[in-house]
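In what follows, structures are represented as structure tokens.
Each of the next two complexes has chain A plus one other chain: chain B in the first, chain C in the second.
What follows is the complex of A and B.
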């Protein structure tokens, strides 16, 4: 049996490179550096173990997608530790990566799903239970046209997922399409694209599943970052646990801080140094992309730390505003991340309720303007009515009092009584006459009303 | 010329102060809010965000102070009188306003020639002022959902995930600002359309002569031209 180091060497990986990898995994998973030797140890044990034959089975199912997540994942071509780790899993089905095709491959999938093992119970008897497998999903399910919008090998995507989820130990939804339907689910979404978690939850609620939904790990981004997927696999294979998940079933360590929190252009943001136009001087200076519609302040992901393409660069470093691809939200599949964040190159201005989208900026300016206009017109009216210099003359009687003379609001006798206590210059004959308070005995609403009408 | 006398008792000094703070905070909040929404000129973001969050807090504290003071400070229940009652009573329905709501609407729509008798705040004003503290609280709540210092705290975090993310909250916060803008337009209009006297009283504590009103009799009882005795 080859030693671990020589196995690594044969992949062109030095011991130092291996330790660096383990440290990187620990960082992505939010583990302390004290865990690094443990990861290294577990990896060694597992690799040595698997050379003698036990691989963790995995299925990679692809639904409505561009295959970008597979591409991104498979572009880990240069020999390195990640490929070694990948050798730990037995990828029994992948449309793109598997050598086989057609019925034989479909059969391999069925075998993986239905594989059973014999376990010895405490009382000495034996029973069989499923072996289990990691189910990785790429792409959206499609519910359009009675689920016929997407049919693979004669099976509807919705039937496939129900079949494949059954014995999975965990489902990793790789990329936005698997999380919330992604690009396919963008309004008006005629094919009824949706994510795995929302679909399975709906199916469960409708009583279409005779099993409990296995743990789901959503790994958003478009495509899913291979570093994130590898971290999930390592977490599960080496440390034998599921990562800590947030309310969107995403690993909270990876999707716990905003892009904006860790962005290298943040200093420019605080200084108000913005790119307003591509090709401008500001752009060449690497200013903040906020005014170009950067969604970094609203997007939770560790892209600035983990970066992309084998840590070469990432969206904002490459000069493109974040389009918020980590915002795919399994709880909001009817209004996916594309609708939520478009237009990408503008500060967001659309509001969507389900498939109904509109741009309320004009509405806001319109209503605001209308109110202002109405007030101006009203102001001219008030002026024409002579009310702008102190208002109109007060009513002599409340309308209610004229209608209900038996129980008026105004206490006219008391008013007369109080008026008589005012200092001399505050009593005014003309006013008294006009206000009908000095002579309460004259207070006869019916007569007053008639008098008003005669005017 | 038929307006009521404007006495300081209508707006005691503490309320003049809270109103000044309201005015200044709102102007700055709306300006910086627009700026944060889209930075239409460079070089101001740090100041804008600092000022926005600071004055947001001030606005909330000021609002709380104003509401608490309403239970301790006395103010005139109606215009045209120096008599005072504990201020919160002027927030409740008042007999002077009974059955006058429709009359106000008719008056503003020019269906009624004479000015309705009313309490310090007419029916339309009172309803819109009562909405203000609630609106400020909603703004503060959505603001705290956006602010990274506070948005991990239980209720704020729960609201963000209930809405479906920061992007949604941000848009709610933004469009609520427009509700404020419409309120301010209406408010400034209503306060000034019958002459600048109410504003001079509110901001400068300058009194003006006019008709005298009796809160007990719910009626006008004379005229005061502020001749000093």
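What follows is the complex of A and C.
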């Protein structure tokens, strides 16, 4: 039997590369680096274990998708340690990823689903139970035209998921489409796209399932970040546990903090230094993209830490605002990230810092003042609210543009009607502010400079 | 024997719980006279494809290509803004998102009445180029090569002889012994079912390479996995992430890459160029002669070619792109500039509720009606007389056209003849130099093939399955050469103070079409914008051209035509037919997933070793 190292070697992976991988997984999972040897040990045990016959089967099913999650997962990193490990221990059943896969046929899927093992009970008797498998889903389910909008191998996608979920030990929904239908479910949802969790819950409520829905792990983003998927698989396969999940059944370690929380451009946000136009001087200075509609403050994901394509970059480093692709919502139909966040270049009224959403006009006088002051200076007319499941409102009137006609944020000239609404609105605000508290004095570098020059 | 051992491997697996990790070729008896071969789903393409073929006298007599998924991108984009469209539309395909982003940007820019700055043009060329490299390398080695290369056979090779052969063929000498022992390791390890259900034993019997060449190609197959990932890193560096880049928006690009990033990009491009030049192209030269008599003779298809062109030059004309646009017909004798008004689409045989009259996409509507879509499941092929797919049938001047890399190469080759290139003059434009380089490389390939064929082969000999992959090798080299130029061009532009990458719209009402290329062929996006909101969006992807169904007059699409006449000796493993499908590199994930009813027959797997894809 080949040793673990020679097996890895045969896949072109060095010991050093392997240890680096274990460290990466620990980081993505928010584990301490002290866990790295444990992960390495577990991996080694499992891989060696498999050669004596302990398989942890996984199915990767593709429904209505763009294959982007597959590309993202495998193509960008093949053949690296992760793929090797996952192939060796589990991913033996996938359309395009896995070695010798070609899952497509129901016979093979049926066998995996219905595989049983004999268990010896305490009283010495034996019984059989399902072997179980991890079910990874990419793509949306389609309910249009009696579920005929997607037919795979002669079966509707909805029938397939009901069958495939049955004996799964866990279902990993990779990417927004599997979580809540993704862009396909965006208005007008032409083909009745829906996510796995909402569909299974509906089916269960309608009495169409004769089993309990297995634990579901939603891993949003479009496409799913390969580091996230790998972390989930390793978490389960190597450390033998399901990750802690939040109310959206997303792993808390990964989707517990906003992009804003970890953004390298955060300092500029707090300084009130913003980008107002793509490719501008402000952009080249790495200023904050909030004014370009960045959804980082509302979007929960550790993208700034895990980055993309072998960590070479990520959206904001490319001068583009976060468009909130991690904001899939399995709990509420028609509130997917596309509908919630488009037009992508419009700003939300509300801003989140850490786990709190707040109105900077009030907070300006308390903790976190700098942030709020910066926003007030820039005229961002915010209103208080919590993170609303129904989605935050967009700033309908462009206060900033009215105040700064010489360099407006948006390009469209203000319509007369809009301008009059806007100025009335601003007058109200001015009164509000006057009543509440005097506007604090702000440091104005230009004025300071002039002052200095006068001296 | 090695192959036997490997087969047992798959049985070991089956004995447990995954009896057959099974693939997808089935065969059943045809009802009327001929025999019926069904490929379903076709593996090693991105997405699935259902092909029904009627086989008579050992050849494909008729073919139907159909799709069974409707997603509705065109409808989702309504009421969105053009910038939203650039971000959302690329999510139609995870393999060629950059092309969709750019076609959507073009459409938006036409509607806005603007042209992007020079810097943005070059940056877009770079990220588009990186995606082409990723797609072409992935296709050439990891999706297509196993139709020609048998890695199992490589176990029989003498690594020393492989070194000699590689040197003789001018391709890279890898550590063949190490690769062979890796292969052996795979074979020995009872866990890996990597070779299960392969087609190497197809009775079509056309795995013609000597063991040493199989070993060489297998070694390079592994390297290709790394190289295509390196290509994606370039897309990631510019685009922020890949798939689904963030950097291209109507008006230009979001940023100018820093010097640091440009250095990262340049290093990777040089690495890719060297690899393509020293490995991929020589491999194509080495392998092609063995298949001249088979893959070189079938799969011609429509015989008419469209390319809208890709990679803008400073002049920005479609016909003047680095890979120029053009329309070829009359057995390659007539070349004309693309004319958008000549494009029509009909839904006569597709699941839409309009009356099927062919209309220009600007007038086109998308009214899906899936009431007959269920028929493609287990129906008795009754759909053949009526609607049988979600794919609309695009036509140019009323006729079906092929849209592939071969289309681009044939158009470029034909244009080269009239580009007035003079190698003795240093003032030739980049466009002229580019065309000359393509012509030289194609002529070289043809001369090489002619030697093997024992007769002179003209450019029309490329109209075959073999020609499609030869064209991709030539194109890939060409793109790496141009990308080297573009990085320098961008650095030069920045040095001269031309670092603008974005312009604002002139207006918020208008309409426009983006005609561009995805790696798989001609791509078209159209949008009509009122008050910065999209009122109508229409898309024609390359695979829609290629896997088009019959039109209102019953004329077959290019792939349907290409399949007719392809030899089939093995109904269960119709290797030649599979090669024909693969040669079009159908990116049906772009439009639809395609699948097929279970036929209840024995199925076998088409596999990709090494966790490849």
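One rule holds in what follows: the second predicted complex is superposed on the first by the 322 of 455 C-alpha atoms of A that agree within 3 Å, B and C clash if a C-alpha of one lies under 4 Å from a C-alpha of the other, contacts with A are read in each partner's own complex, and residues count from 1 in each chain.
One rule holds in what follows: a residue touches a chain if its C-beta (ideal position, glycine included) is under 8 Å from a C-beta of that chain, and two chains touch if they have at least 3 such contacts.
This structure is a prediction, so every number in the text was calculated from the model and none was measured.
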Who does A:111 touch here: chain B (first), chain C (second), both, or neither? second
Go through the superposed model and pick first if A:332 touches only chain B, second if only chain C, both, or neither. first
Give one of first, second, both or neither to describe whether A:323 is in contact with chain B, with chain C, with both, or with none. second
So, A:270: does it touch chain B (first), chain C (second), both, or neither? first
In this superposition, which partner touches a larger number of chain A residues, chain B or chain C? C
Between chain B and chain C, whom does A:169 touch in the aligned arrangement: first, second, both, or neither? neither
If we overlay the two complexes on their shared chain A, which of chain B and chain C does A:19 touch? Say first, second, both or neither. neither
Looking at the overlay, does A:298 come into contact with chain B only (first), chain C only (second), both, or neither? first
Across the two complexes, what residues of chain A are contacted by chain B and by chain C? 411-412
Footprint of chain C on chain A - complex, ascending: 1-2, 6-7, 9-12, 50-51, 53, 55, 57, 62, 64-72, 74-79, 83-84, 87-88, 92-93, 95-108, 111-112, 115, 131, 142, 144-146, 148-155, 182-184, 186-188, 190-191, 193, 222-223, 277-280, 283-284, 308-310, 312-320, 323, 325, 338, 342-345, 411-412
Can you list the residues on chain C that touch chain A in the complex? 10, 13, 16-24, 40-41, 43-44, 46-48, 68-73, 75-76, 78-81, 83-84, 87-88, 91-95, 97, 117, 119-120, 134, 138, 181-182, 185-186, 188-197, 222, 225-226, 228-229, 232-233, 235-247, 249, 251-256, 258, 261, 264, 368-371, 373-374, 376-378, 500-502, 504-505, 508, 532, 589-590, 593, 595-598, 603, 605-613
Chain A - residues contacting chain B, complex: 247-248, 258, 261, 269-274, 290-291, 295, 297-298, 324, 327, 329, 331-332, 335, 340-341, 347-348, 351, 360, 364, 367-368, 371-372, 375, 378-379, 381-382, 385, 387-396, 398-400, 409-412, 414-419, 422-423, 425-428, 431-432, 435, 437
The chain B residues in contact with chain A across the complex are 1-3, 37-39, 42-48, 95-96, 98-100, 103, 107-108, 110, 112-117, 148, 161, 164-168, 170-171, 175, 178, 181-182, 185-186, 189, 193-195, 197, 210-212, 214, 216-225, 227, 229
